[in-house]
Amino acid sequence: MKTAASPVVRQFGTCAAIALLAAMPAIAAAGSPINKRTAADPAGTVEISNTAGSVVVTGWDRNEVEIKGELGDGTEKLEFTKNEQAKLTRIKVILPNRSYGVDDTDLVVKVPAGSTLSVNAVSADIVVRGVGGTQRLQTVSGDVRTEASGEDIECRTVSGDVSIVGSGRKGLVSITTVSGDATATQIAGEINGHTVSGTFSFGAGETSRSRLRSTSGDISFAGQLAPDARIDFENISGDVKLDLKGPVAADFDVSTLNGEIRNCFGPKPSRTDEYAPGRELRFAEGTGSGRVRVKTLNGDIGLCRK
Amino acid sequence: MPRGGEVGDELERAREAAAERRLVVAAVGGSSAAFEELYRRHAARVYGLCLRMTGHVATAEDCTQDAFVQAWRNLARFETRSAFGTWLHRIAVNAVLQHARRRQESLGAEDSAEREVADVLPDSSAADPGRARDLEAAIASLPAGARHVLVLVGVQGYSHEEAAQLLGIAVGTCKAQLHRARALLGARLGMTEVKHGVE
Amino acid sequence: MGSNEREAGAGDRLDAALQALPPGIDPGRDLWPGIAARLEQAPVTASRRPPAWLLQAAAAVVLIAGSSLLTAKLLDGDRAAGKMAEVAPIAGSTPGADGIATMPASFGPAGRMDPEYVAARRQLTSVLESRMARLPASTRAKLESNLAELRRAADEINAALAEQPGDPLLEELLLKTYQDELAVLANVNQLTSSLANAAASPGDAKRMEL
C-alpha cells in the first residue's frame, strides 16, 4: 500500500484555533471488494458520492458506518475518510481524469439511523431506507428512492425518478427534477416540488405549506389542509389536480388562461373577461385562514374535496 | 476606581458618540452629506454582517446597499438617543432575511439554489483575503438558519434573546441553531482517513 | 484526555476564533454611489403608485443567478401611468452559437431584459454546455428538450401577453418561467459539477503522486 509523502490540506485548510488532522491516502483499487467498518457518531453526517452504479444506504442501530461493495473497472479508488470526532464520514468513488465508460460501482452502506445523509451521484441509483436524519439525495439520471420519517428531505435529479414513502410524520420534503417523475406518499408538513416535464403525484396528510411548479408535467396532489395552509401550484401546460381531504378552511384563488376549471365544491368558475379567454374561480370555504392558489396557462385544473 | 487609560477611553467614546449624534441629527434633517459620513463609518460592519450571514459577496453588497437606503428612508423614525449602529444592524439583518425570503419564494428551494449557483460561477471578488480564511469559508457553508444565528451570536456578540428577536425566531430555536452551527463547524474543519478494518 | 474534555476544549477554541474575527469587512468596492443614486429617487406618490398586483409581481421577479441579485425590470414609467408603450416585437428564441438557445428577448410587451440577467444566464449556459458533452446521450437529449420546453412556454406567454397586455396571470406565469429556466440551469450545473473535474475533491490536486 502506497502512502503519501506529505500531509494533505483538505477542503477547509487550517484554522488558527482548530487542529487539523492530515488525510492519508485512500484505499481499495478497482476490482477489489470493499468491506470496511468504522465508528461513527449516532447523529453525525455521512456523505457519499458515486458516479455510476448504485448507492444503497440503510440505517442501523450501531454507531458505525459500514461500506461494502466492489469498485467498477475504470474507477481509480474509493476514498473513505472521517473527521476526528467521527461526526462526518465521507465515502467517495474517485475516477481518474478524463475518464469515459466507467463501469458500475455498487455501494452498500450502513449508517447510524440518526445520521444526516448526503448522496451525490451522476447515473447511479440511490436507495435509502431507515435513515432518520436530514437527507440530501441528488443524481443526474439515476433514480432516487427513500423513506421520509419527519425530517428534512431534499431530492434532486435531472431525468431520474424520485419515489418517497413517508411515515405520516410532518417534515419538509423538497423535490426538484427536470424531466424525472416524482411520487411521494404518506408525507406531511411542508412539501415543495419543481419540475419542467416530470409528472408529480403526491399523497399527503396535514399540509401546512406546499409550492409545486411545473412547465408541462402534470401535478396531482391529494392531501389535508392545515388550518393556516399556504398552497401555491403553478403549471404552464400541464394539468393540476388537487383533492382535499378533511376539513377545508381557505381562500381559493384559481385561474387559467386556456384550461378548464372543474371543481366539485364551491361556486362555478367564471370568465375573467367578457372579451378575452381566461377563467377564474375565487371563493372562501369555511372560515378561510388558509390560502390556495392554482394558476395555469393551458393546463386543466381539477379541484375537489372528499 | 477606573484607571487613567479607561477614563481616557471613556472620554474618547463619549466624544465619538456626540459626533455621531450630530451626524445623525443632520441626516434626519435631510443632509445626504452627513448620511454619507455615517455610511463611511458603518459600512464595514454592515457589510461584514451581511457577508457572513449570506455567504456571497454580491448578495452582501446588495443587502448592504438595501440596508443604508432603508435607513435613510426611515431616519425620521430613528430615536437619536439610541445607538445608530445598533439600529442600522437591525435594518441590515432584516435586509438579509428579506432577500432570503424573496429568493426562497422565487426559486422554491431554501439555500440550495444560491449555493449551487455560487459553485458554478467563480466569484472574482472572492480574491479578497478576508474571504480566503478557512473559518469564514466554513461559516459560509453552513445552512442558512444556523449561519444567521452563528454570525449574530458567535461573531457579532448579540445575546440569544437579541438574536432571536432580530431573526424572528424563538429563543430555544436560536440556541438549537447555534449548537448545530458549532457542531457543523467543528466537523468541517478536519478530515482524516479511515485506514483499518473495524475501529 | 476524555473525548468530552477534548470537545469542550475545541469548543472554547472555536468560540475564541469566532470572536477574533473582525467585526467589519471592507467591501471590495465603494458601495456609496449605488446608495446615493437610490436616495435621490423621489418617494412614490399615491398617483404614481403602480397597482398592487404589479408590485407583487415585481417582488417576485427578484432573480438570483450567479453571484448577483438581479431584477428583471417589468415595465417602465409609461406603463405605470396606464399608457401602453409600443408593443415590442416578440423576438422568438434564437439558438446561441453552441447550443442552448436564449430565452425570448423581450420580457413581455414593452419590457426590457436586465443586462445582468442576460450576462449571468450566458455564464450559466456556457458552463452547462461544456458539461453536457459528458452526459450520456439520452440524458443530454432529455435536458435539451426540457430547456426547449421552457423557451416555448415563454414564447407562448409572451404571445398571449401581446393580446392581453398587463394581464396579471400572464405576467406572473412569465416571470416564473424565466425564474424556472434560470433555476434549472443552476440546478443542473450543480448536479453535474462532479463531471467537470473527475478527480473530484480539491484535496486530490495536492496529493503527492507515488
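Letters A, B and C mark the chains as written, and numbering starts fresh at 1 in each.
Criterion: contacts are C-beta pairs under 8 Å (C-beta built on N, C-alpha and C of every residue); 3 or more make two chains touch, one makes a residue touch a chain.
Remember, it's a predicted structure, so these values are computed and weren't measured experimentally.
With chains as nodes and touching pairs as edges, the resulting graph is complete, every pair of chains being joined.
Note on interfaces B-C and A-B: more C-beta pairs are in contact across B-C. Look at where the CA atoms of chain A average out and do the same for chain C: the two points lie 22 Å apart. Here the spacing of chain B and chain C, counted between their Cα centres, is 23 Å. Our note on geometry: chain A versus chain B, Cα centroid distance of 30 Å, whole angstroms. In chain A, the residues that touch at least two other chains are 10-11, 15-19, 23, 25, 79, 85, 156, 176, 194, 213. Looking at chain C, one finds that residues 7, 10, 14, 17, 176, 183, 187, 191 touch two or more other chains. Chain contacts: chain B has residues 108-109, 112, 135, 186 touching two or more partner chains. On the side of chain B, the complex with chain A involves touching residues 108-110, 112, 134-135, 137-138, 183, 186-195, 197-199.
The touching residues of chain B, counted against chain C in their complex, run 32, 35-36, 39-40, 43-45, 47-48, 51-52, 56-62, 64-65, 68-69, 72-73, 99, 102-103, 105-109, 112-121, 123, 125, 128, 130, 135-136, 150, 154-157, 182, 185-186. Remark: chain A residues 10-27, 36-39, 44-45, 64, 79-85, 87-90, 154, 156, 174, 176, 192, 194, 211, 213 touch chain B in the complex. Of all the residues in chain A, the ones that touch chain C in their complex are 2-6, 8-11, 15-19, 23, 25, 49, 51, 76, 79, 85, 92, 94-99, 120, 122-123, 138-141, 156-159, 176, 178-179, 194, 196-197, 213, 215-216, 234, 236-237, 255-257, 272, 276, 278, 295, 297-298.
The part of chain C that touches chain A in the complex is made up of residues 3, 6-7, 10, 13-14, 16-17, 20, 135-136, 138-139, 142-143, 145-147, 149-150, 153, 156-157, 160, 163-164, 167, 169-170, 172-173, 176-177, 180, 183-184, 187-188, 191-192, 194-195, 197-204, 206-208, 210.
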